[in-house]
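Encoded as structure tokens, the structure appears first; notes follow it.
Letters are used for the chains, namely A, B, C and D, taken in the order the chains are written, and counting of residues starts over at 1 for each.
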Amino acid sequence: MTTTAPPPTSTPAPRTAADTWQRKTARIVADYAMPLLVLFVLVLASVTTDGFADGANLRAILISTAITGIAAVGMTAITLTGNLFSLGIGSTVVLCGIVFLAVAGATGSVLVGVLVAVGASLLLGLAQALIVGAGLNPVITTLAFGAIVYGCVAVGTGGEVVTAGSVPVTRLATASVLGLPLPVIIFIAMTALVSFLTARTVTGRRMRLLGENRATAGTSGISAMKGTVVAFASLSVGAALAGILSAAQLRQMQANDLPNLTLDVIAAVLVGGAAINGGEASAVRTALGALLIVILGNVMLLQGLAPGERLFGVGAVVVVLVVLLHLLRKAGAR
Amino acid sequence: MSTATPLRLSAEGITKTYGAFAALSDVAFELRAGEVMALLGENGAGKSTIVKILSGLVTADTGTLTIDGETVTITGVASSQAAGIAVVQQEYSTVRTMTVAENLFLGQRSAPWLWRPGRLVARSREILARVGLQDLDPRTRVEELSVAEMQLLEIARVLARDARIIIFDEPTAALSDAEIVRVLEAARRLASEGRSIVYVTHRLGEVFEIADRVTIFRNGRSSPPLEVADLDVDGVVARMIGRELGDLYPPRSSSMGEVALEARGLLAPGFRAPVDLQVRRGEILGITGQLGSGTAELVEALASIRPVIDGSLHIGGRQVQLRNRRAGIAAGIAYCSADRKRDGIFAGASIRQNLSSPWLSAVSRAGFIRTGPEADATKTLAGEFAVDTNRLGTKVGSLSGGNQQKVAVGKWSGIHPDVLLVEEPTRGVDVGARADMYATLRALAESGMAIVVSSSDTNEVLGLSDTVATFYHGRPTAVRPATEWTEHDLVREVMHREEILA
Amino acid sequence: ACSSGSGSSNSSAAEVSGSGTLEGDGALLQVFMPSTSNVYLKAAAESLTAQGEDLGYEVQIVENDFDQTEQDQQVQEFLASGQEAAAFLFWPASAAAATNSIRQLSRVAPVIQWNQAIQPDAEDFVAAYAGVSDTGIGIEAGDNALAALQEAEAAGKTYNGPDGKPNLLEIRFTEGYAAGDDRESAFAEETGDAFNVLAVEPTPTVDAQGGFAAASQVIPQYLDQGIDFIYAHSNDVANGVVQALEQNGLQPGVDVTVITGTSSGDLTNLRSGKIYSAVLQSPVIEGQLVVRTAAQYLATGETQDGDYTLPVDETTPELTVEAPYRETFMMNPQVTAANIDTLRVWDKTFAELN
Amino acid sequence: MNRLADVSRTYGLQGAILALVIVAVLVVAPDFVGQPAAFSVLERLVPLGIITAGIAVTMIVGELDLSIASVAALSGATAILLSNSGLGLVPVLLVATAAGAAVGALQGWAVARLGISSLVLTVGTLILFRGATSLVTGGVPITPDDYGVSDQLLMRYGVLSPTSITALLVLVVLGVFLSRTRPGMALYAVGGGRNEAVAAGVPLRPTLVIAFAISGGCGALAGALSSLRSASATPDGFTNMLLLGVAAALVGGISLAGGRGGMVNVLLGVVITSTLAAGLSSVGFKAFVAELFTGVLLLAVIGADAAVRWISRRRYLAEQRRQLSGLSAIDLTAAEPEVSRR
């Protein structure tokens, strides 16, 4: 299901220039490209790769996707509102994980840890939103914040591994519902929720319109500041959850953790087919994008490829995919 | 100029369509060596389109082009330049972040591969002097220039090129009289050097001063060129506006109510004098003027897009403070801009989402959009404005210009504003859709709105409005009930002001 | 002014004549090492500084972000500054790529390398090595694995591999990380054919996150065959592995025996027995050791041939003016839930050693 | 006078920041002076300076090449392998640079031909080239057979070295190219106003191809020089160079919006960030502290920029008000208009 593009109707179009079947097909393919592609890869992988279709392997894929996926779904809102992406998400996730562990450890309460981490993340997001909403460049702003947050975390922890002591934080990561561990459930729930909220709420609609055309939003009384604040709030929640779950999973976190996360998250959003200029991004497709990258890596792993080869393969697929999605969207819009 | 002069350029059978809309149909155009050919026609007649075809910015659908006896194909700006054509475009021409000197030589094929800034600046000074900009430092960035200086710079740029055919598309719209004189001199000088000049303008005075012949465009069609010596101002105006209007325009206001919009001493950047203004419920006020006349600035100030630096604004008798567009909307002022693609529509969103964008909260509960009511309300609205109600899920970007415009205006109906401001309501809209648009606006006025329509199409202003005001040079110049204007007067007032003032 | 490095790549290291004393007299020990944003390096840096100052040396540390390029740059900058150092204590960001920097430094003052084995092409430029032995750790981990195997066999446990051999999965350090190569080969040599090795999977990063990322992808593949042992190159990585095991429904310590290399990172799993054993690699001792070795070298100006592995002494041995061995390795005692609170090395408890 | 005002307006902010940074560094690291300090900062021109130059060129043309650090890593590894195959230093550098430029040109062509956002395309190639580096190196650090290659690069002439001289040359050549040549102008034009530039006859595709060829070439040259100097290449080398380069370009005053800035800005940006990093590192400050300060610096730069814009807007409005107040209003409601006559 895509959330942004309503299905094309079959009524002929009298006034518009001919809506050719090629264009229509291109549009449908573009809209449903991600689910189709994931399905295709799943089938192909199951047929060609031993052990891929195993329940345990599929579950492992979901677990591997969860943390990146949660952060990426949060980031989708940033891209949707036309604010490109956050280059500081990696350090925010680590900060949240560390705050969560430290607070949970100090207070003995997992809940308090979660709340404080989410709160800290939201504050950080708000500060950035106010700057970006005032018209400053989001890439520079988030890059700067990322560097500052990383520096502060490194100084603050002095390089120590932070743990929650004996507080049972792992429950957050191991508790399982329907045979799936909580991070996966949260990933799915967050995807569904963000997807629903962007499609069905006033706020979500305004965010999409803001990203679609900032100038029209301006003349229509849609505030860029509000949209940006909400988008950063979504990013912050995603980052906080990713950090908390990642920290809970391993009961520990340190400043240098998750060095590749920012890039993975951006790749997921882009492979999910989000329009880089805003107005077109869906949580579901981002989630599928994150999933697709992990699936590809997994298949190559099962095929016995070396890590370098896997990286190369993922890179090649990302390039081909983003170009393909771009061409499809252009064909559909023309 | 003798008729024996050989043809420099001849274009035949030129057709250009945008989607279903024909901007040019089977147009013929010719140009002799050493002549100044004026190109006249109302807004949207297709003048800029033929200019763009000649300059390689758009490609014609059909037609042949001959220059000095040779058939040429123009596929892009480079091939146009290679054919010896240089253009002062109506829009898109100087790069704001670059200096004057750099802009002068930008994209010039004859420019040296490696240039020395000193020489560049010196050469720039020479060229700038030819348009009277001798005091302008060539190292200034274009973004720091006034509109007039930018326009003169563009003309200077063309002078820097050694072209056989030079096209000016409304070069003087933003200039003052003294500057205009310089442009005219430059054009004449170029012609006397044996070059051919195409001069597109809305100022008739200029035509009589420099043109040898004129070609008049009307509704995307051309008529054979005429010798200027055989014409007078009234004759030209008659040929420009002589189209059959039929009952394109709805009847005027039956009853005007109390004052809905009142501005006192309103002052905004771009004005050259404060403005007082009153519009009544049910009234359509049409304002018209050339580029830079102040109409756009007035509308934007009223819409609270442009900061107001002085004066007060009253809606329904209550004074309102307009800090930003949102406050304007809250105060009941709807606004639909001249450039709908830029800031009027959400091209990638559906008709439904466009229509409901200003009044989403009316069809939502607790922040959630109720899709049923939204669908019903948009359907009703679309029906009122003759937008195909079966296609509400279609992206607006794929609609025709007319339908896009209906969406851009119609969406405001949902917030029941006191005041509706519309710029260029029918720009790029075909004749059939025009009638729909006029009916729409009239219906909105009848429902009790006060409407301000700003348009550079004098015919439209006259046909649609109850009251018409003209602007010139940053200030209003005349305001009368529409019935007291003739189109002839209006065209003269707007286009030919210098004669009246002289 | 035009000076240049010597043209030959084989120029030998700067010679020092022994000062005869262990006292530093304010001479500079210049340290190049990766970032103390990592806890191990931080502890090592602190212990090193304390030991250096104890002996009267000035200690100056330049850190890089685990980036050989950056470290190379820092070396150039130090050399350019014209400062004089008594010795360089050099922890290469990536030993396999650091030889050139060592070569440059060795022309100015003796280079005492710590961490990661001396690369063959750096033999000429390193005056002495003092610190961790990844081979030693691999051997100890291998011994621990064999011990665990015997213990379990004695208890009558059966295994999933061919001929009843235990299946073993190895989660190794990042590809290309020299420490990982040594820990892998030493373990393999030590354990011989006692285990049926299912796979050796490198982690993307050398920490718990990386361990989890690698293990959670690999474990499902071998669930059918049954996993009996996992050898993770460090306790930190093993923490991630434990989590991955649990998420796949396996009980570490019961279904699967987790043997680990060094004892870095959070110790909860080790204490609870989910991790069977780790190997002590104390940053505190490593920091002390490298300074002690440097002081001995500067005092004598020479090394004794061969290598020497420190015994597991409860008290700190006295520092004497004698030539250090060319290579001195830290002791690598086993750490388990049973001995973690009682272990004492060089007057310190396990907690103090980390 | 005019020129001076111009220079101070163009580089004033960066100059002030540089002065501030130097003062700040001198306070924490009083020994960071003279030749050694200058040498340290200049040495950082490779790789950072050259990479920043490449990034800056793509920023000027209104795009951004995110793959540049990966190209550097790939090129560094290739250069080591080439030198092992017996090629001399200069040929290796030339081959590596040419290969990088070719790869870049291909990316530029794709961006221009497909009309795809370069941000999107180069996120993909960033991963791709990183994977290629892993393949080339076999996933492990590689070194040259003969460490002598690096000695040629490690010579020192006062505060300069062969590498910093190369970097300065690159900056000068690019600076001349950008400001004095037709294609250089085209880069600014396309970045400053794409439609306007095309209307003026600037060829779009070749311009984008040139921009990305330059960034590819810069990335490759920086990677090769740096790897040969340190006589090693690792598959994960240069990862931090992308962000450092973008930060340096931004701090130097090159705009993400395109069309603004030049090699002087690159030099300023690199010198500012390098002075900060080298100065702090000389007294043993951790790398992440320098990173923290770079972040603060970035915020300060965009904040100052925004403040300047805000103030000049306020000034403009005040000026307008001053000019126009006192004029009497023209009434648009009167039935009979008052037409002002001259």
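FYI, contacts are C-beta pairs under 8 Å (C-beta built on N, C-alpha and C of every residue); 3 or more make two chains touch, one makes a residue touch a chain.
Just so you know, these numbers come straight off a predicted model, no measurement behind them.
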Note, CA centroid farthest from subunit C's centroid sits on chain B
Hey, how far is the Cα centre of subunit C from the one of subunit D, in Å?
39
Intercentroid distance (Cα basis), subunit D paired with subunit A, Å:
29
Centroid from C-alpha atoms only, then distance subunit B to subunit C, rounded to Å. What do you get?
74
Scan subunit C for residues touching two or more other chains and write them down.
35-37, 175
Multi-chain contacts in subunit D: which residues touch at least two other chains?
137, 139, 235, 286, 288
When you check every pair of chains, which ones turn out to touch?
A-B, A-C, A-D, B-D, C-D
Residue ranges of subunit A in contact with subunit B within the complex:
6-9, 11, 13-17, 19, 200-203, 205-206, 208-209, 212-213, 215-223, 275, 279-280, 333
Which part of subunit C faces subunit A closely enough to touch in the complex?
35-39, 41-42, 175, 202, 204-205, 207-209, 212-213, 216-221, 223-224, 236, 239-240, 243, 246-248, 265-266, 268
In the complex, go through subunit A and note every residue touching subunit C.
51, 54, 56-57, 59-61, 63-64, 154, 158-161, 163, 166, 170, 173-174, 181, 246, 249-252, 254-260, 297-298, 301-302, 306-308
Once bound in the complex, which stretches of subunit D touch subunit C?
35-37, 39-40, 43-44, 47, 137, 139-143, 146-148, 150-151, 154-158, 226-227, 229-235, 237-240, 278, 281-282, 284, 286-288
Seen from subunit D, its contact residues with subunit B in the complex are 2, 6, 179-183, 185-186, 188-189, 191-193, 195-203, 258-260, 316-317, 320-321, 324-325, 327-337, 339-342
